[in-house]
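Below you'll find the structure, written out as structure tokens, and then a few comments.
Letters A, B, C and D mark the chains as written, and numbering starts fresh at 1 in each.
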Amino acid sequence: MSFNTFGRVLRFTTWGESHGPALGAVLDGCPPQIDLTEADIQPFLDARKPGTSRFTTQRREPDEVKILSGVFEGRTTGTPISLMIENTDQRSKDYSDVAKAYRPGHADYAYDAKYGFRDYRGGGRSSARETAARVAAGAVARKIISGVQIRGWVSAIGGDEIDEGNFDADQIGQNPFFCPDADAARRWEAMVDEARKAGSSLGAVVTCEATGVPAGWGAPIYAKLDADLAAAMMGINATKGVEIGDGFGAAALRGEQNADAMSPGASGPDFASNHAGGIAGGISTGQPVRVRVAFKPTSSILIPVPTITRDGEESEIITKGRHDPCVGIRGVPVVEAMMALVLADHFMLHRAQTGG
Amino acid sequence: MSFNTFGRVLRFTTWGESHGPALGAVLDGCPPQIDLTEADIQPFLDARKPGTSRFTTQRREPDEVKILSGVFEGRTTGTPISLMIENTDQRSKDYSDVAKAYRPGHADYAYDAKYGFRDYRGGGRSSARETAARVAAGAVARKIISGVQIRGWVSAIGGDEIDEGNFDADQIGQNPFFCPDADAARRWEAMVDEARKAGSSLGAVVTCEATGVPAGWGAPIYAKLDADLAAAMMGINATKGVEIGDGFGAAALRGEQNADAMSPGASGPDFASNHAGGIAGGISTGQPVRVRVAFKPTSSILIPVPTITRDGEESEIITKGRHDPCVGIRGVPVVEAMMALVLADHFMLHRAQTGG
Amino acid sequence: MSFNTFGRVLRFTTWGESHGPALGAVLDGCPPQIDLTEADIQPFLDARKPGTSRFTTQRREPDEVKILSGVFEGRTTGTPISLMIENTDQRSKDYSDVAKAYRPGHADYAYDAKYGFRDYRGGGRSSARETAARVAAGAVARKIISGVQIRGWVSAIGGDEIDEGNFDADQIGQNPFFCPDADAARRWEAMVDEARKAGSSLGAVVTCEATGVPAGWGAPIYAKLDADLAAAMMGINATKGVEIGDGFGAAALRGEQNADAMSPGASGPDFASNHAGGIAGGISTGQPVRVRVAFKPTSSILIPVPTITRDGEESEIITKGRHDPCVGIRGVPVVEAMMALVLADHFMLHRAQTGG
Amino acid sequence: MSFNTFGRVLRFTTWGESHGPALGAVLDGCPPQIDLTEADIQPFLDARKPGTSRFTTQRREPDEVKILSGVFEGRTTGTPISLMIENTDQRSKDYSDVAKAYRPGHADYAYDAKYGFRDYRGGGRSSARETAARVAAGAVARKIISGVQIRGWVSAIGGDEIDEGNFDADQIGQNPFFCPDADAARRWEAMVDEARKAGSSLGAVVTCEATGVPAGWGAPIYAKLDADLAAAMMGINATKGVEIGDGFGAAALRGEQNADAMSPGASGPDFASNHAGGIAGGISTGQPVRVRVAFKPTSSILIPVPTITRDGEESEIITKGRHDPCVGIRGVPVVEAMMALVLADHFMLHRAQTGG
């Protein structure tokens, strides 16, 4: 893996900045003869797209994907698939303050410390717009592992968790929060509105589950499925934590509580529980693969925060412009995409070593 | 990275099984002219070594490391450093039941599902003995980044957290739990004893902090320092969660609470807080890099758990033999080693791209 | 490295087919703060561009490069540089025969055997048009190692070698053959004309030399500078052989003939000869790095060759359309580009390990 | 790939110096359930072993391989296979002169220039003893692709080529030169004896052919089978040139001469010739894969050569000790091993992308 490439056998490289002419991904290693058109990708981009409700940034981007290579007569050829999304609604004037001072919580200072200067327009390379490229690549990955179903949702906003008893998958697409609990969605509407109007922001937790993953994907010791998922999720903008299965909850359990007892099943074992989140020893067990991801509150807020300028002077900054009041919401399609990409990569890696 | 290799520029490959003749690591890419002898490595192995108290497994392994290559006249030559640790206290007879049935929580079933068979002696490749090789490699990594101090500790056992107000770094080496809070250490002694006697086990949380990391290490987008740390930690045996800085706690904060305000400092900014755990946009900020890692309770317990045999028959298993009642405790030197390896790798990667 | 990515620390990924909408490269790992505009890249593309004389294919492509990312205010930012070249002169109708039967010497059959089908238009991914992306990336690489001068030339066509005694670097740009020997250029004009009119083609040898490479680039054992150059050159379309220094000639020498004797020099040793081509043990010695590359004759010829159809039927094929009568000629800028990319990568890799 | 690792999916890392306690390889990614014992590996090491005739170095090394991991009950487990060979006949006293002055043709100066110092005993890491580790790993690779036959031979020594008309595979094992032409073997005996007695050395060419490789292995554009073979071969000690198929000879042909005409065959096409050496567009065609490798004459000679000391003083050096008068001879098992490793890697890579 290089700086901007992810994956082992199925690899994708993303490029592009928030305010450049375009951004994109090159997906390399895709198996041949998979039906693929832009229409297979666009719905996932639409789910991530900004400007669809008042709970996301008001930047208007159609996020239309173009396939520039790797597909012939509607099928993948096995050669690299170049995916491009043009930027259309850049407003560079919004970002003049950012050129001078560092926004706390953003990568401004770190980029300057590393590279000596930075593309300050909209966060440049560190903008969450980069995740559109992941979502596009992830849509292709889903087709590689078409027997696997991947579904993500927001399970908490601002510390307010959904009630698992209210879980209704059909709800996820019916509110602007990807929320499976209709009651929680109502509460969150008020909460996010309040934060947005106050110029503040809220953190969130995204949960994602993949069903239909057969036992045997993943590999010891440094190609573990859970380790790759952890890297994939912790590399998404604004994430600060990753859990597999019970995660930190497991650290408070006793051994007999945490054991996922097995009994004979139709094909492989039936498990009495899934504390492990579908992974043991870095290898899938056939249970649903479940991951939870913590998103911090959006760092771009209208409330002034003390900071310093590029010249080291004391200052204060508020981040005007168009921002998500809760960046975790639009994280759902990104988490799903990364899950798809990791699983497709491991499907192929497993096939390389074992033939199957 | 391949299946058993970790790292980008500084790479190490580990090999070996719990009950084979030896295990080891090959560390490749180490800078030349670093003073290195076995004595630099041994203390870290001793800290991880089994059998040092009743709170760890009673397997007795001296874990003596031999340097087989890459060092000449006491200095690294820049060529691969082969580190070998011989196994001396294997007792294969302990593991006969495991050959027949799958231990819930262990990788037994997953390995069989992947490879069609497995080395069942002591967990084979999935045994935590593999982490000795990481600790040895990590000791070398520390020397590459000699300006960085890395310190880990256990911050919770069985859900019982330390009191940050009691934090005393000097305590860490003075109890068998790597615990910085003397009161907590006393409580844990009783807890772990109880679990051990009950044939059960407890989970734990390990916290690790690196100070002296300059701003600028890490790289967008898929070589982020936090993403690499997440992979490093989630690849340790028995880990189920990773947090950078406030982690899941950040998901419950508002933007203004989570912002690490900056003011002019002696060299770079002074930060009012470190919610971010020393990393922004995947790049170090100059603050301490802080990570928390969740360890599940040891899956090897004496309490019977329903399971199936290799032939798919209903069964029940208890795991006799010598096991850690709380595997998280000995996770401390491993977490530290992985932190050192990731940071040394990023030091070198940063130098490749920027010269500095 | 993945299927379509080259490099270790400085990595580039190319994408695109002969008759798709565009092709390109993503160059990742480029150091920051290097001045870069399209004007730095275009001259190298112009040197490789088709249609500039009757000795190259008559396809007309402006090969105008666009920088889509990684550059801000005229300087590289350290983030991936996306380079795109649009295809403008595709004529898909030329290639209908190729869809049905396999052209001997081309990758048609191999691609079908691998992927089950192929983009047959102009060779698809196996077209030498892909090398435009390398040339663009190579132009950036040159700027990374600005102290190194790289110069290539054609040293033989159809078995007719230049006379080293006639070597005049100024001649290289003054004939359509990148030929440093004015006499040879005259001979080749007649030869290539004859072959072109006969519907045949000729092979060629390209020599490339880099001066100003300091001693110490390259690394044992599987990152040797010469091994990486060999891979780089053997991956260019139509190449069948690579030599470093004396190459196969060295295999006919005795030890004392082949030794490059050293004497004290101003900075490092003075060498009495350069049989080694500037590399010993995979590491540069400070002498000019010299490589020779064999290009087979273009496989696209108007002379009929027996072949089989996709259905396995006996057939015969002639390759109409626009082709280079001697593809080695336009190989010169590609060989130079790959030399620049390998050297820049090793400059950075050396810096990673040794700081300098 | 890192400095000392080779391969894409099947990767091996070698370690060790000429005069250290041992050397070895870690082979990672090997498929599970392959029968493997030391006895499968030893014959290949014996073929490469020094001291078997007066035409190779008189260093006596049993080169006994030990399998330290990755094999259980006689079968590979899918986990890393650690192979170790102990050094037994080091004589460090032989190398005292080398510590002070640089041997022309050797890596002495380059290593010092890179790392600031070097293990000078027997060439340290740059010694051809490292190739024992490759041969061991290659023996395992052969078992992964058991349907492929790999056979190498010396095709020229000191410029004296075998007569293809005399080719008799059975001869290869019956003379100390791996020579398939009994007449040439007789001539070479005199030639190598003369060079040895004169304290000189001779270059050689090794040819290697793999039959039974199905069409479809290899991948565009930077994972081409021929490019990987070129890297593999050019990374062997003392190699200076690599050819696929006709190699440089193809550069002197016309298109119609170089075309490998096809006709319908039993399974896939029959080819009228194999100028291409079994590879088109970087992908195997089903024909024998053929490579030629140029080895320079051994740089260690008893004839004095002008050189400089570490302090930059004028000097002269002769290389006493035990050396091969023609290092290319013992290159045969190494070339075969690298061929096996590259092909096995591509077998697995192909399976990853296409299922097989």
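The criterion applied here is as follows: contacts are C-beta pairs under 8 Å (C-beta built on N, C-alpha and C of every residue); 3 or more make two chains touch, one makes a residue touch a chain.
Keep in mind that what you see is a predicted model, and the values were worked out from it rather than measured.
Simply put, of B-C and B-D, more C-beta pairs touch at B-D.
For the pair subunit B and subunit C, the distance between mean C-alpha positions equals 45 Å.
Here the spacing of subunit B and subunit D, counted between their Cα centres, is 39 Å.
With touch defined as above, residues shared between interfaces to two or more other chains in subunit B number as follows: 2-5, 9, 14, 29, 32, 78-79, 114-116, 125, 219-220, 353-354.
Taken pairwise by the contact criterion, the protein chains are fully connected, each one touching every other.
Within the complex formed with subunit B, the residues of subunit A that make contact are 1-6, 8, 14, 102, 104-107, 109-111, 113-116, 125-126, 130, 156, 158-159, 195, 200-205, 214-224, 226-235, 237, 240-248, 250-264, 268-269, 272, 275-277, 279-286, 294-301, 303, 305-308, 312-314, 328, 350, 353-354. Per the touch definition, subunit A reaches subunit D in the complex via residues 9, 29-32, 78-79, 219-220, 348-349, 351-355. Across the interface of their complex, subunit C is touched by residues 2-5, 7, 9, 11, 13-17, 20-24, 26, 28-29, 32-33, 66, 68-70, 72, 75, 77-82, 114-119, 124-125 of subunit A.
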